[in-house]
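Order of writing sets the labels: A, B, C, D, E, F, G and H. Residues in every chain begin at 1.
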């Protein structure tokens, strides 16, 4: 199936953050693809990934990057599709990446989720797709409810143990 | 026309940030609505706004708030629709609001744009709508190109002046 | 005995911080209850906990949360009882949670203690109860004096060892 | 009438922050007193204020201070009554005062409200008194509701104007 | 004369910072050029500026940008020539831009000078040219000595006045 | 021998930082004493330590503390002798303690050294004593020179190894 | 009279901070001198000032500087006399200067006072001189008491006005 | 062969950061030298290293330092050659060193690379040398391309594994 979401990972060393995103897409049955390409190191590749992706029907991009974290911004500069930024904590607690993702100028927004929050980046991308796809929205509702139930069970476990 | 985007402003004092968003929606001809409601002060109202909005066909939410900036998170807790957060600089340069918007737990993402960037929040919301609306996408492209041309003109003006 | 203090824990993973609070209440013989409920994930549950608690005689709330840490603020939005916030260090040293707890707008204060300081949150809640309960005040005095004596003993131990 | 709350202001230059607190107490008809005394400059005076206040029936303290902001902590060291800290922005956005108020060790909590938020400090003190005083609680509810109505009116004004 | 240094300004609003750089180049008689082009807004233009510049003999680049400040990094991604970054204070004191400029990954360094320090960026670029150009080095020495003498005169003025 | 320097340690858990100071005093043969006393927990004790110390000839104080780190300020409030503050990293990298030590109001300065730098606090205290004590000054010179020689040896070791 | 304290000002633009220090020395009748010399710009001059000063009987140094604020550290590297650092707010609230002054390595301490606190730097220098000079100590006591009385008068004025 | 680059390491404990730089110079066949000398501890030595280096043909300096990190600034104060600063994370995530390196006043720039990024410091120094040395430039291009290919291989490995 053709991917609806393209995850671009700035560096292979941040793979665990991408994995969190991929698990969500698996659970929501949303076809995605993963590429590893640095905004600075393999710059032309990023652009080509973006252009090819759009041509092939990708509707949302996720850029995962640490440090100067220009990747999501570069993706956003090359497409009119929404781009979600996931800042990664490599140095100074990830503040550098959080600022680099969120503090974008007009008219090139990057919608930024929390530091190291690949799973929230994916869920937000799914919510975007869910605006016009009933099935995905239903699966998001199920995922969230399932999660809430699991939390509920864990919580009652905690409460039981302390009594 | 029924609004596609609901802007919720946490406090009337941050109205200028909402105005930046509204100007973008006017330009993109995207029907929107604006409500003023605080996550803490008029909590039930926020929830009702969200539930009514969804019923009435709102597809994206924008929460604009300063300080603890819980508003976008509360909206996100009450809907499965995508929520965009715009942190406002009231104290400490807006860092409190930036953290409060972006550092959300799973599975309640808020997609955060830059501090005081109402116009980027709106553009991102438009990009979301543009994933399945050709016309909006065309207008985004036009807006961006128009903006780039204006920047280009301003720039050549600067360059001319210094020569 | 009916609980006087309701501790609400935003996430089961921060249980050790709640435990510090519970130990203080055990020592001060103050009846308390613990619930685990997230401001965003199980939002309606938080509200119900607050409303039920007030009905059942709870006089002070403690909200323990990391990251965006909206939980104490949400509790405060649903009651006129005092709410104590305990920010938890999950990312960036807990600064996000400290700001989210303390930087609340008027008229929804959250009284915030130090990062990860469950024991200070509990002691402060006890001081609130102690304003009109002589016995609790007496136990606070005893707890503090006992602690000071213990510190004193530890200190003289240090001093002795270095001589 | 004998004061129930003692406001201690670290420096006369931060008087406007104290005024915000005083306005709340006037509105809630809670007898209060104001002293100006620095934790460092007139140290013994702080202690005497605290001891005299407790003897005279003061039930809650508010310490307002900027910079190193030791004042609320020093008050807390001298009483078993609850102490509310209001950090003031004098330098670096008030971060120094926010940390100094909130990051207190066990067993000397200071319950800290937002930077420059004298009105929230007062409201929180009122909530403490309201735990066993039905009348104060009723006035808090009225104050909050009145505030919410005023906000509502202002908001509908904004909304009307933009249409 | 063909420019040795290309200054790229991310936004026309930061022109005063570029001016500081230009004044230094005038004084050092180093031919330079100024372009205004945003890393995100007119991305392709940045690349073309860089490639054309290199072809035309530009030896050092200066990127001046605020906020996410990706501009110097994008320049660096498109050339093997040294790139100097000047972060501009637009929000949060310029910390976002400082981090975005300096925290670049390997092998794409941006050599970053202080916030708003266009004049230091230019001087550093001159020092680079001065490594193989005796005349430029001589002018740098003269500029620095002249500056030191001026400072000396101002200082003795201060000292005289206070006596 | 009667102590010239009184080290006051805010908490026994920060003993390793005090140890660094003590080693310097041993090496410089400066008589010192160590007390453990918290600004908040054993407040009266701090005051008594200060007053007794001054009576007994102590000339410089060192306050070592983390978190809100009021200890050095409280010492300074109780004496006209110079007080050196050593902030300790307990939370947020020690920034809270650094601000609490250094950001003191007039006329109660605390001279603050680096985070966790007990050895620099001690050396600075020695420099104060050395202003009128030739022998101590001589020993400081020797200590520094010895240290420099040791560094030199270590360095040449490094250099040798890489060749 | 020969100066006991040498104030070195890193830049003439920070003169108001030096003035605060000078006023204190005037009041305490402590002979001082002021030089303007930058750690980086007129480096050799700093060294000569330090060496000459020590020869001429200067006992304490005060270094006042903003930004990278290396001046106090450079003074400290050139003398065994105590050096007091006064960080100046030029950018990012003065955090850069505060860190540069305080975070010195062993064995080159700089005793740092608060941001822009020239008056505290001077008072601390006076306290150093006061360790062996009864008269200076007496004047410090008088200055502090005079200040406290003035504060007291201002405070009673505030209190009177609000009644 | 005579060194073209002089690496000065502020402290032997930061040797691993220097090593990253040295590996790059080995790969690029650029003759370099390494000295260990502290800006504060062995101040005169730094100056002599700089003056000797310049006499012997060194064209670029790299200063590697943590904490107050004055070393690169001191080098820059003693030469008209370009100086690259590498801030090291010793405390508070390296923010102190990053600020100390980058926030230099005019006319003493230090071109700062990312925290702990010895390899980027070296690459930037090589880019400076490459402005007039065709061979070095060719090797930089080869190094970068080799690196990109390696990244590419690693990435395709990641991609393959997840399929």
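What we mean here is this: a contact is a pair of C-beta atoms (placed from the backbone, for glycine too) under 8 Å apart; a residue touches a chain by one contact, two chains touch by 3 or more.
Worth saying up front: this structure is predicted, and the values here are computed from it rather than measured.
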* Asked: Which pair wins on C-beta contacts, F-G or A-E?
  -> F-G
* To do: Provide the C-alpha centroid distance between subunit C and subunit F, rounded to the nearest whole angstrom.
  => 34
* Asked: Taking each chain's centre as the mean position of its Cα atoms, how many Å separate subunit B from subunit H?
  -> 42
* Of all residues in subunit D, the ones touching two or more other chains -> 38, 41, 67-68, 91-93, 95, 102-105, 107-108, 114-115, 147
* Asked: Could you list each pair of chains that touch, in label order?
  -> A-B, A-C, A-E, A-H, B-C, B-D, B-E, C-D, C-F, D-F, D-G, E-G, E-H, F-G, F-H, G-H
* Residues of subunit G touching subunit D in their complex? -> 89, 93-95, 114-116, 147-148, 151-152, 154-155, 158-159, 162
* Asked: Given the complex with subunit G, which residues does subunit F contribute to the contact?
  -> 59-60, 80-82, 84, 98, 102-115, 117, 119-121, 123-124, 127-132, 137, 140-141, 143-144, 147
* Structure fact -> Per the touch rule above, subunit E residues touching subunit B in the complex are 9, 12, 15, 22, 34-38, 41-42, 67-68, 91-93
* Asked: Can you list the subunit F residues touching subunit D in their complex?
  -> 10-11, 38-41, 43, 67-70, 73-74, 76-78, 91-92, 95-96, 99-105, 107-108
